[in-house]
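Going in written order, the chains are labelled A, B, C and D, and every chain counts its residues from 1.
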Amino acid sequence: MANLTLVQAINLALIQEMEADDRVMLLGEDVGPNGGVFRVTDGLHARFGGDRVVDTPLAESGIIGTAIGLAMNGLRPVPEIQFEGFLGPAYDQITTHAARMRTRTRGAFTVPMVVRVPIGGGIHAPELHSDSPEAIYAHHPGLKVVMPASPYDAKGLLISAIRDPDPVMYFEPKRIYRAFREEVPEDEYTIPIGEARVVSEGEELTIVTWGAPVVQCMKAIENSEKSIELIDLRTIYPVDIDAIEESVKKTGRCVIVHEAPKTCGFGAEIATSIMERCFLHLEAPVQRVTGFDTVMPYYKLELEYLPETERISRAIEEVAAY
Amino acid sequence: MPVKTVFETKIDHVSILDENGNFDAKLGKGVIPDQDAVALFEHMLTCRHLDEVAFKLQRSGRMGTYPENRGQEATSLGAAYALDKKDWLVPCYRENAGLFWRGLPIEMVLLHWMGDERGNQIDNELCITPLAIPIGTQMLHATGLAWAAKYRQEKQIACTFFGDGATSEGDFHEAANFAANLDLPVIFFCQNNGWAISVPSKIQCSAPTVAQRGLAYGMDCVQVDGNDIFAVVKVTRDAAKLAREKKRPTFIEAVTYRLGDHTTADDARRYRDEKEVESWKKKDPILRLEKYLREKKLWTDKKHEAALAKARETVTAAVKRAEEIADPKIADFFNSMYAELPADLKRQRDTMCTHSLGLDPSQLEGTERQAVNSQH
Amino acid sequence: MANLTLVQAINLALIQEMEADDRVMLLGEDVGPNGGVFRVTDGLHARFGGDRVVDTPLAESGIIGTAIGLAMNGLRPVPEIQFEGFLGPAYDQITTHAARMRTRTRGAFTVPMVVRVPIGGGIHAPELHSDSPEAIYAHHPGLKVVMPASPYDAKGLLISAIRDPDPVMYFEPKRIYRAFREEVPEDEYTIPIGEARVVSEGEELTIVTWGAPVVQCMKAIENSEKSIELIDLRTIYPVDIDAIEESVKKTGRCVIVHEAPKTCGFGAEIATSIMERCFLHLEAPVQRVTGFDTVMPYYKLELEYLPETERISRAIEEVAAY
Amino acid sequence: MPVKTVFETKIDHVSILDENGNFDAKLGKGVIPDQDAVALFEHMLTCRHLDEVAFKLQRSGRMGTYPENRGQEATSLGAAYALDKKDWLVPCYRENAGLFWRGLPIEMVLLHWMGDERGNQIDNELCITPLAIPIGTQMLHATGLAWAAKYRQEKQIACTFFGDGATSEGDFHEAANFAANLDLPVIFFCQNNGWAISVPSKIQCSAPTVAQRGLAYGMDCVQVDGNDIFAVVKVTRDAAKLAREKKRPTFIEAVTYRLGDHTTADDARRYRDEKEVESWKKKDPILRLEKYLREKKLWTDKKHEAALAKARETVTAAVKRAEEIADPKIADFFNSMYAELPADLKRQRDTMCTHSLGLDPSQLEGTERQAVNSQH
């Protein structure tokens, strides 16, 4: 057991999977000698060499399109996109090819690749370095979408993702890259894709969230007198709707928290699913505390945009009082 | 020196069997043995016949949109002939001749255009990727396929085919740039057929040649008469050698012409001059090879008759296989989504409902039940 | 008044706006002498010349990125993307630039452009010619998203879109390009962006839909004995939630129909908004009849994928009986 | 002729004032009048000083990530000097010198890096687009800006700046291809500074020159010593003439070097050799111009002192203006979204809530109320 940050946990998972399977290779911008702009791949170039940890040209569609070819020809590429704001140029390759390859060839070709992307706000980064694109990729069938909220989960989910025979979008909430440490086993272990985690149990209200806002939700729960259950989705698609259903049937009230804009955010999907499954158990409408339907502002105002604790607390009170 | 030259280059055009039937004995020596030339010619006849049949299938409602290959048979065929069986062919959608030569069953391509994914369910041993619909995107896959082979220190290379229009897409640029800078064994084979649907190739590339696209990457580039199968074979062979031995990519511009409409959904008379088409009909790769074979006494009227009969037989059989395939099952488009189907997708498949009231298991009638929509 | 198809109505709107405003220009693949692969721009090249109706290189990011520059420098470009399946390469320019330009420059630069895209299934087209991307663009703040379901609306909405000072995604349901004709006034008129249309009034249940499925919904209503209100959104963003609220408060039951996949489709957003606003009026959970969470199959099975009449009818019955 | 040459070309490198201070009198004649050379030099000193100050602002938490321009001042400055006031400058983020020369207030750039959109609220009269964060995307805007000018038959052209890394992006390719094939008056000005963060330029372009990127489009291309402001001015002027008169684009590769880290978030010692940096320090565009001016007796120690004092004053005043600007209002990021704010966005702004229970109008406390989150 070691006490690791989320960045270190990912680094460890990469090392162990690369040791275990020589089909695993990394590619991306600055992932080589520099170790990535967040140092997630620190030391890997020295350890595994330039054939397995490859600095590519500055071209995101190129990185993903090439990774698709690598995967189709037997490798297990783990491409990195430097920030979610630069995932856009790769959107087409991800959605028209990676996501469709298995079904359009009825299984003759598959794309086992893991696209690692730091996402989300809160670190005073420049423009286009703070968005949360999970709903976009969840809307495209054929992908899995994962977002760890703790070092322990980060390692276990990444190992699952690398071993998964289908393409996985692995979104890393950069706000908590180094925000806290956690005991992480040295051995390899997996956390199943598609299973949510109950962070804390409660009886009166359910909060559903994922990624960095888990921290703000925990604070809001601490500040509240209510008995609140907190669910960290961990996987966005396929979502663990059974876990949510179970909790909301118990509590009858639910608040969903995410950083992405409200309209068509993943919160809408969950809220609708809750209505579909828990209609007669709901004592208040499910509420969303999310980013606003504006472009994420530059950093002077980013904390006003993000769903910080106070906004969550207010929603808790309002839903509880409904 | 205030002004000094830091780069100098030129681009060659290669031709062996020209449109008048002249054969350059020196350059052409040993490129294609007689016996193979006959086989390639017969193959082209089959492909040409398939185009005719496919056109009719579409017109009579038995197939969806189909892109004729007519006039371009020598390009992909010459390349496929020049490559090893284990080299990847990464096509767009106008490479029937090369794909069939490699061994892709004709009915696979028909099934694709008949709206059936089983047309893409290609045996991995064939080293062929499925037809690519989004223009320009498949070159990146070729780059990755070739990279994986290099990574494993295998001899395999990749050859990707695309049109003049495709060279306008950013993905083409990124693929070529990756291949050149990371030393990957890829052949970029551009079929410049003069048009991208209704847009003439000057709008895609106003430079004197499309071949010079490759100069941007410091790549070897060459222009070839794409209706001359000898020249195509030669330049592809050279490119393959460079790729295999030096892990260096090559850009090939094969100058050819689309004699038919863009697809059966197109009417080329709206935008191009019949005279242009007529002038290119004289350069038809099939006519040219036939003339060559007849002059060498390798071909006779009788052989021609027999070859056409064989082509009809082959195509008829392929159409039959394509049309007689069992109806696809609805469950297929669910089951093929992931290695393991997520629970909610299973429910959608089993209930054929997306609304949750249909999710009650009591509504299940088995996974291969009739589709809701096809009941009426 | 003329009896026009949807294609003709769009063609007419383009002609009239180009006559009225010489800043309006068209660009795209095959929009010139060929008049577009669906003939939407038929005759315009001959009428307005090659400077105003421009065949571009085959590059969607290029088309949109260039159109952004044209708009920033005073023109009113109307780029066409040939099919929604080829919108992917332009996703980055649309979402990182067009959508953000006004707010990131606090109004110093704006991008008044209309991106025309044929969308949706049902015409036996090849792969990647049948998807419905409206939810993706509705999730990106800064864009307006419009989808007409009739010739009359198509003309009025397109004129509004061209005159709009912000970027508009104008999605054309190709299944109804020529499916029926409608009286369309010859004069110019506008239909406000953001206003839904009540297609038919009813008391017992509300159907919300947009684009081609309006036709299937009308059939389902005909086949039903219930009194059903049908709302055609016309605008996806900003959505006319007031119209939906009013209707559902009256009927208490709602079915949403769209072609895109269920997960994170725009139906989820509407269903959630209905829960938020009509919670105490709802007599049954809002139900979604949508495309499945699979890749749109090739055409042999496309009608099994699309929300056809029978699936809608079934949902109506089930929701009514809840 | 079986093999014939169909294209031939070469690429020139242009230098006027070399790193040893040699000035080519013939080529350099009249390129920059003495008086302007002095003004340009003073301007460079100011920009260099800004870098120092900005670095410290970042380190002391008064500014976010900042990209130093150090070593590259001659590129954008030479270009901006060569262009007309009404020509568009379409920058990336390392063009301070050129933008300030055109008239962009220094505090705008500071505000941008201080996380404030008002740094992008650029007076349209300046014909400058805001800094572009996503690499390679802005060249397309330049193409469109230039096209609009041509459409209106105006003389305006556009010059877009980008790095060596940016030439790997598909958008670069598409922009260059549009400009070349549609005859648009755009200058593609590449600042090859050797690195894209930690990735050396050979990974972006392994061809002998980056300039030859332009050959793919049949564009004029030239390589220039980017630390030689005379040469930069000359090649930009030639390109501008071609653009203005013939509506033809040019690709310029300016060879330069990033003397600092990529940004304040970077530590270049992790990936590059200090020796390389040292060797480039000798080629510094400022040293070089200073030497030239001193040799021509246009510059003295006293003038230097005075210029530095002036630079300090200018930068201090700009920092003050940037830091003293009123706090941005939360309402701004709502109000600037659309020309007319949709109803739901108004509600979000007025309630600072996205959950509907907060939508009750009774919760309104006015549009400029304190943010919820900043209360704690």
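Following the convention adopted for this analysis, contacts are C-beta pairs under 8 Å (C-beta built on N, C-alpha and C of every residue); 3 or more make two chains touch, one makes a residue touch a chain.
Please read these numbers as outputs of a predicted model, since none were measured by experiment.
Asks: Spelling it out: a chain qualifies if it touches chain C and also touches chain D; which chains qualify?
Replies: A, B
Asks: Please identify which chain has its centre, taken as the mean of its CA atoms, farthest from the centre of chain A.
Replies: B
Asks: Take the average of all CA coordinates in chain A, do the same for chain D, and state the distance between these two points in whole angstrom.
Replies: 34
Asks: Using Cα averages as centroids, what's the distance between chain A and chain C in whole Å?
Replies: The separation of the two C-alpha centroids amounts to 30 Å.
Asks: What is the distance in Å between the mean C-alpha positions of chain A and chain B?
Replies: Going by mean C-alpha positions, chain A sits 38 Å from chain B.
Asks: So which bits of chain C are touching at least two other chains?
Replies: Chain C, residues with two or more chain partners: 56-57, 59, 61-62, 85, 88-89, 92, 96, 103-104, 127-128, 141-142, 237, 263, 276, 285, 287-288, 292-295, 298.
Asks: What are the residue numbers in chain D that touch two or more other chains?
Replies: 117, 134, 168-171, 174, 177, 181-182, 203-204, 332-333, 337, 344-345, 355-357
Asks: Quick check of your reading of the touch definition: is the inter-chain graph here a line, ring, star, complete or other?
Replies: complete
Asks: Under the stated contact criterion, what part of chain B meets chain D in this complex?
Replies: My answer: residues 1-16, 24, 26-28, 168-174, 177, 180-182, 202-209, 211-218, 223, 231.
Asks: Which positions of chain D touch chain C when the two form their complex?
Replies: 88, 117-118, 120-124, 129-130, 134, 137, 139-149, 151-152, 158, 170-171, 174-175, 177-178, 181-182, 332-333, 336-339, 342-345, 355-357, 359
Asks: Using the touch definition up top, name the residues of chain A that touch chain B in the complex.
Replies: Those in contact with chain B are residues 25, 51, 54, 56-57, 59, 61-62, 64-75, 77, 89, 92-93, 96-97, 102-110, 141-142, 144, 164-166, 194, 237-239, 241-242, 273, 276-277.
Asks: Can you list the chain B residues touching chain C in their complex?
Replies: Those in contact with chain C are residues 64-65, 112-117, 133-136, 165-166, 168-171, 196-199, 203-204, 265-266, 270-271, 327-328, 330, 332-334, 337, 344-345, 348-349, 352-358, 371-376.
Asks: Show me the residue ranges of chain C that touch chain A in the complex, using the header's touch definition.
Replies: Spelled out, the residues of chain C in touch with chain A are 61, 85, 88-89, 91-92, 95-96, 99-100, 103-104, 127-128, 135-136, 138-142, 237, 260-261, 263-269, 271-272, 275-276, 279, 282, 284-288, 292-295, 298.
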